[in-house]
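Below are structures written as structure tokens.
Note that chain A is present in both complexes that follow, paired respectively with chain B and with chain C.
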Partner chain A sequence: MEKKAALYICTGCGIGDALDIDSLKELATDDLGVPICKDHPFLCGAEGVDLIKKDIQDEGVNTIIIAGCSGRVNYDVFNFGPDKIVERINLREQVAWCQPPKEEDTQMLAEDYLRMGCSKANDTEPLEPYIAEEEYSKDILIVGGGVAGMTAALEIAKAGRKAILVEKEDKLGGFLGKMKKLITMPYKDLSDTGAEDLIKEVNENDNIKVYTSATVAKISGSPGLFTAEISADGNSVQERVGSVIQATGWTPYDASKLNLGYGKIKDVITNVEMEEMAAKGKITRPSDGKEVKNVLFVQCAGSRDPEHLPYCSSYCCLASLKQAAYVKEQNPEAVNYIVYKDMRTVGQAEDFYRKAQEDGDVFIRGSIVNINENGGKLSVETDDELLGERVNIEEIDLVVLAVGMVPTSQPDQIPRIQAPEGTEGADEEGMIEVMPDSGFFAKSALNLEYRQGPELPTLKYGFPDSHFICFPYETRRTGIYTAGCVRRPMEVVKAKEDAAGAAMKAIQCCEASSQGVALHPRAGDISYPEFNMQRCTQCKRCTEECPFGAINEDEKGNPLPNPTRCRRCGVCMGACPERIISFKNYSVGMIGNMIKAIEVPEEDEEKPRVIAFVCENDAYPAIDMAAIKRMQWSPYVRFIPVRCLGSINLVWVADAMSKGIDGLLFLGCRHGDDYQCHFIKGSELAETRLGKVSETLDRLALEAERVKFLEIGITDYNRIPTIINEFMETIDELGPNPYKGW
Partner chain B sequence: METNTSYDPSFAREVFENVDSGEEIKMCMQCGMCAASCPLREHMDYPPRQIFSMIRAGKRDMVLNANSIMMCTSCYTCQVRCPRGIPVIDVMHGLAHYAISKGILTRKDTAVFGREFWQQIYKTGRIDEKDLSRRYFFADGIITGIKKSLQMARMGIIMLLHGRMKILPEKKIKGIKSLRSMLDKAMQTGKGGSEV
Partner chain C sequence: MAEVEATNQTLLVVGGGMSGITAALEAAEAGYDVILIEKNPYLGGRVTQLYQYFPKLCPPNCGLEINFRRMKLNPRIRFFTLAEVEKISGEEGNYNVTVKLNPRFITEKCTCCGKCSDVCDTEIDNPFNFGMDKIKAVYLPHEFAFPMRYVMDPSIVGTDEAKKCKDACKYDAIDLDMKATTFDLNVGAIVWACGWTPYDASKIEYYGFGRYKNVITNMMMERLASPNGPTAGKILRPSDGKEVKNVAFIQCAGSRDQNYLPYCSGVCCLASMKQSTYLRDQYPDCNITIFFIDIRALDRLEDFYTKVKEDEKVTFIKSKIASITEDEATGDLLLEGENTNTGERIQMTFDMVVLATGMVPNSLDLESAPSVSKDEYGFMTLDPNNTGIYGAGCVKRPTDVASSVQDATGAALRAIQSVTRR
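And now, the complex of A and B:
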């Protein structure tokens, strides 16, 4: 495509007052060779947009460079179709609003941004979406036929799609099918579980295909193009699906690990056993089969205990209140004792707690000291925190342990793999424990054909990794979503909501994949990474480092990209030592040219230059926000937005340093256990890579302090001026880069 | 933690049946808002929260002998703040009333004051400050009565000077009969009144 560029400078929002617009236009036309250059006082207004549209029509402009507000705003106004290249230069937030007006340094900053923007527009190629040759499937595979799985299937069917439901047991229902009653709206009384109706509805729906006594033997391919091999009743069936929902649920925590008499005393049972017993009929003592009178419930049996389950499973308090109601129903004279740490009745269920109190259940805050059996009855010794005494509760018929939820993704035993020689912590045979965030950790459910492992990477408690607040259903495998108790502990009402949410994401995934656009978090992005395979050295860094396992690998170690699995973060681009991975609108060379476009003043001018590589997701908006608050900082810093800090290629450090740039700042998201990185590992990888840069700098006789990595959250905008100015002080102390002018 | 007690539901049942608003304490979730709000907390043996907890555990003697139940000044802070809407004041007075009816007089002068107060209200429909104080001070005999009166003499003179206390006896209110029938009714339902 023959490019015809045009630059439009908006002089509104204070830009015209802060800068000498005429000299900027002169720079663009004379030095940068932009054929058309216009300014307008209100470019995002109808008149301004018409001006651009007219040029597109009359002059054949196809590359539009807009110097005005931040690219984070008005992106809908300045959208001229996918075949036009639009480049935004942020003169408003990052020049006019954060620098003193009509100063020489401010003008130089604007000029540099103009040079960088024009260079970037020059290197950008028009985008075409990736469309695979095979036909896309819009069916959705759901693994697990419990309440979450069934609800998800129904939601998908209601949306007019096809769902394929795989359940490992011989009938649908999961834990819901084993329950007697439910606490749900309006939380005043027990209601029916509705399991039978739900199962019936699923079985009768034409859009849902159910496989019972079935497991998923293999899932290969990528979103929109998955092929699932299901082994049902010994037969193997193949299904093509667009996306997958894992709703495999939970298992109760093993109560025999607790020192509460389970397994030793017959009349100590778990809440799951209690529920099953109640569903079958009378609640009796397992030891002698007599009906129970006094029942004691032990809350947090193993939960919120660092030795067992460190988290709250949120359902156990409600389950015990419900089971206490069963006991009362059976015998109104019965006494229920509930020994708790904190009563946690999530959602609106506090009303049911009130009901239990009205019914006269006895609540004891404290912990169990021991449970003894004497003469057929049990006596339970507790430390009553509220009385401040040790209390002995006698004549107990049955003790119910309210055990927590363990996700089905948690393996029974941590798997071990062969470690490279000399790895720390390896045993005699060279085996090492698999880390939870590896795809080889979780218990078998999906059997993905992914180079990074067959299952979803998990977080610290064995739950598949997802962002609790920002993107709960997303996992670290694009197009595969989790719902229900495998995602986090929850009760039935919540699991249904969860299923609906995951179903919606799965439908979105099928649509987006078939259109060749990216999913969350760069939703709608049509660029995708392209590999120049002639120069690949099979180093496997891209296949290893991709946070989403998007790249498979052949026997020789060549990367096999799966564009519909890709989230377009560019981590592979940053990883590649040969720089063979690039996007049409984002590449190593492009950023390199932007760095080269910056004009570096001579040493004696005493105007240092610093480049800040800024994560587009959190750090860049934080800077915009600081500017909106009219905070000011050093005019010597140039910001370059990057898709993710994980996409920074170390060659940029060399490019910048050899050009005489005095310092480099890298602003990315928080990483670690409570990471905020939109691409999970990007900022962490960036820090690791930058850690290795200091050796290179040492060799060049440059100080390692010239390169600095910082974690910035979107709420840290008030720290921006301090961060930048402190870094500038460091640069002043170090003195100018000796490579200036080379 | 030393004493090894056991939970005994019989006292809780006794309270539910006999004490004004007694059954309301079932709803207590032991958050301690009442204890944190009470201006007399530091003078009490046990805060209201703990009283409720002890009732559930069946500690009859400790509850009925606690000074807490007779210390309530009806400031209503706890009742306003209670997240479970328990009428804490009513329960505390109810317990005091019940303890007195069982012959337990942990704070005798509080009981006496209550009795005299009610009797005056019943008689005249209003409080005669000098008469009430005289009866209250002299309840334990003449000598203590004189001592107590002398201690409060200055206050009495100031009240006289400011017209807060009259030299002549107070007159009955209009419609005393209607008030009495109201009080009788309250007495019947077990609410209000204090008899030693």
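And now, the complex of A and C:
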């Protein structure tokens, strides 16, 4: 497309009062060569927008550069259709509202933003979505035929789409199929599990294809274009699917690891065994087959225990109350003892706890000291917190250990690395466990043909999600979602709801992928990275660093991109030392040219220049907010928003430093265990890369303090002036960059 | 108001909080047309008032920023603020909904320059901060407000003050003649995501909320800790603006109590622990006591409990506090009750008390609407025999943000199923 650019400067909202608009226009037309340049006192008003529209129509303008308010606002007003390039230059928030009016430095700041914005617009190409040549599939593969998997399949079918359900057992049902009763909304009484009806409904639904005694041997491809190889009864079948739901559930924590008599005393059983026994008929003692009378439930058996499962499985309190009701139903004279730490019957489930108390179940807040067997009966020694003494509960027929849920994804082995000397928690050899950062560790379920491993990467305790509060369905593999207890421990009713949500995400993935549109968090983005393979040196950094495992590798180490797996963060672009990865509207060269567009004053003018690369989702809005509050800071800083700090390429440091820029700030999201980066590893990668920047700085004989990385959240706007001004003090102390004027 | 185009394939989402936004976006990104309506002048709902989320202690505006961006990019979503549902008739696949649009008195021309607010002298209680401070009668609800547009309080409309504001606007964005209007929508399915209201703490008389200034609720604490709150993020006690040194949290204030809210709201334990970290960040010497019945930190949120327990300045006492009395001279508060563990009588004095109050669902409750299934506490339930209108988030069960989002994602699919069936 032949570009015809026009620059529109809005003089409203104080911009006209703060800046010399005529000289800005002169700069644009004379120095920057923008063919059309106009100003308007109220550009976002109907008249202003008409002015632009008229130029589009009459003058053939297709590249619209708007110098006015932040791009965060008036996005709808300045949308002229997908075939037009729109570049927003933030003269309002980031110049007029945060700098004193009519000052030379304020004017210079605006001029630089104009240069940078025009350069960017010049380097931006119109977008076309990626559409593969192969046909897209909108069917959804579900791995695991328990309550979550079956529900997901039905929800998909009810939305008029097709589901393929793979279950490793010879019949559907999972744990639900082994239960006697359910306690669920409205938590008043026990109800039927509904398992048989659910299985029947799934089996009879024309939109659901069920494979039992089956496993997934391999999944290759990418969202919209997956091929799944299913081994069913010894045969191999291929299915093309658009997205995948992993609903492989949980396994009970191994009670024999606990010091509670399990495996030694026959009448100590787990809650899962109790459920199966109750479902089959009478609740009896395994030792002698006699019906039980007094039953003691041990809550948090291994749970909330740093030695075993540090987390709470959230279903066990209700499960024990339910099983206590079975005991009472079988023998109204029976006594249930429930030894607990905290009863966790959340929400309306409190009603069932209240009922159990009314029914005479005995609740003991405390911990188990000992379980002994004598004369065929059990006695349980307990530290009763409320009585403040040790009590011995005798004549117990059966002890039920309420064990927690272990996600089926939990890795058999946690990766270990050599830790720096003196690291806390390191073993004798100096090794320390680290979070599995790839898909090589989780137990086999999906067998993805991915460069970064065959399974979903797991986080703490082996759950394969991304720990986002606002986006709980996010995993680290695009188009693959988790549902039910593999995602987090939950009761049946929640697993059903969870499955419906995962089904929604899976359907959405099929739609977006087939249209070449990005999924979360850049939902709707149609740009995608393109690789200039001629210059690739097979260094593998892009394939290793992609937070979503989007890029495969051929046997020579060449990257094989999968655009529908891509989240468009640009981490690969930042990683590439050869700068071969570019988006049509975001590239190493484009940002490099923006850096080069900044005018660096001579040393003796004593006007230092600093560039701040800022995360566009958090740091950039924080700067806008600071400006809305009319806070002020040094006029020597130029902000460049980036998709994610993970997309910063070290060549920018060299570009900036060799040009005489005095310092660089990198403002990104918090990383570590509670990371906030929505591309998971972006800000962490940025900091790692910047750790290596000293080589570049050494080569240029520049001080390391000139480059600084800072974590900043969207609500940290009060800190913006301090952060900037403190950095400017450092720069003042270091003195000017000697490369000025080169 | 011109007719809003919608068909029986359109989904209506009522409530623009985290659940409603999620339901709307998830459906729209799967290719369905969605209309989202919100009664406040901004989207974001309850979470916009929170300082941080547990357990990551991250700002809610971060996720909202992403969601608003998704919304800006998606032409399938149309949203209306200051809008309320008045009436619903019809059935699954074909509802007729009457929506009332309350006047904002500020038009789309508003550029957010703030000149109207600069000249306005009248102040009103700031609803965003639960009345803990004042705000100009023409105001931006908060700096992250989306859409970013001012709003005028109806109380000054018709006064000279309003005219003064209008005259100050260079962009002719103030329309003092704006009236409430209504419009009708034809939609195929409805997601009801109107969230919750904090339980009215003044009903628990023995805690003195409303009478004692230094007894506050957990939601008020969020505002006190927020950088855009009444104290610019510095937690100061309301009676005299003093720094706090000794703060109590009373869990289950009204909750799990058949006289008030019989159910457990599920989030208050974690919220109080989170708020204890706010205090600890600001006041290294502040002592915190959390009075609880059971600490309910489900699943991996247990880690957060473990972390807070390690702080020696935070003490957990199992007790249901029986009464609070105020020392009128100092504003300090005497808490009395029994330590359930030791049986000892508690008599402890604090300079501020935070009541962890629960959630009351804002379920569909219109005179003129099809009947929906609810439980005895008014939470909307999923009934396979009564489909077409679906609850999402805290109207279904009291729950945290992540679970609300999860629930709303599922509700979006159920709404899609309703229009698919037609």
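Everything below uses one rule, namely that the second predicted complex is superposed on the first by the 715 of 742 C-alpha atoms of A that agree within 3 Å, B and C clash if a C-alpha of one lies under 4 Å from a C-alpha of the other, contacts with A are read in each partner's own complex, and residues count from 1 in each chain.
Keep in mind that, in the parts below, a contact is a pair of C-beta atoms (placed from the backbone, for glycine too) under 8 Å apart; a residue touches a chain by one contact, two chains touch by 3 or more.
Small disclaimer: the values here were computed from a predicted structure and weren't measured.
Student: With chain A superposed, do chain B and chain C clash or fit?
Tutor: Aligned through their shared chain, the two binders clash on chain A.
Student: When the two structures are overlaid on chain A, which partner does A:V335 contact: first (chain B), second (chain C), both, or neither?
Tutor: first
Student: Looking at the overlay, does A:F463 come into contact with chain B only (first), chain C only (second), both, or neither?
Tutor: It touches chain C, and chain B stays clear.
Student: Would you check which partner chain A:E358 touches, where first means chain B only, second means chain C only, and both and neither mean what they say?
Tutor: first
Student: Who touches more of chain A, chain B or chain C?
Tutor: Result: the larger residue contact count on chain A belongs to C.
Student: Counting only touches as set out at the top, which of chain B and chain C does A:M343 meet: first, second, both, neither?
Tutor: both
Student: For A:E394, select first, second, both or neither according to whether it touches chain B, chain C, the two together, or no partner.
Tutor: Only chain B; A:E394 stays clear of chain C.
Student: Which partner does A:L386 reach: the first (chain B), the second (chain C), both, or neither?
Tutor: both
Student: Please pick the stretch of chain B from 9-17, 27-35 or 99-107 that overlaps chain C when the two structures are superposed.
Tutor: Stretch flagged for C-alpha clashes with chain C: 27-35.
Student: Check chain A for residues that touch chain B in one structure and chain C in the other, and list them.
Tutor: Shared contact residues on chain A (touching chain B in one complex, chain C in the other): 343, 354, 365, 386, 388.
Student: Applying the document's contact rule, which stretches of chain A touch chain B when the two form their complex?
Tutor: So the residues of chain A touching chain B come out as 335, 337, 343, 353-354, 357-358, 360, 362-365, 383-384, 386-394.
Student: Which of the residues in chain C end up touching chain A in this complex?
Tutor: 18, 25-27, 29-31, 51, 53, 55-67, 69-70, 72-74, 109, 111-113, 143-144, 148, 170-171, 226-228, 232-233, 256, 262-266, 294-303, 306, 318, 340-343, 375-377, 379, 381-382, 397-399, 401-403, 405-414, 416-417, 420-421
Student: What residues on chain B touch chain A, complex-wise?
Tutor: The contact residues of chain B facing chain A are 1-7, 9, 26-30, 49-50, 53-54, 56-57, 84.
Student: Once bound in the complex, which stretches of chain A touch chain C?
Tutor: Its residues touching chain C are 12-14, 41-42, 44-45, 69, 72-73, 75-76, 155, 158-160, 185-186, 304, 306, 310-314, 342-351, 354, 365, 385-386, 388, 460-461, 463, 467-473, 488-490, 494, 497-505, 507-508, 511-512, 520-521, 523-525, 617-618, 621, 625, 628-629, 669-670, 674, 676, 678, 713-718.
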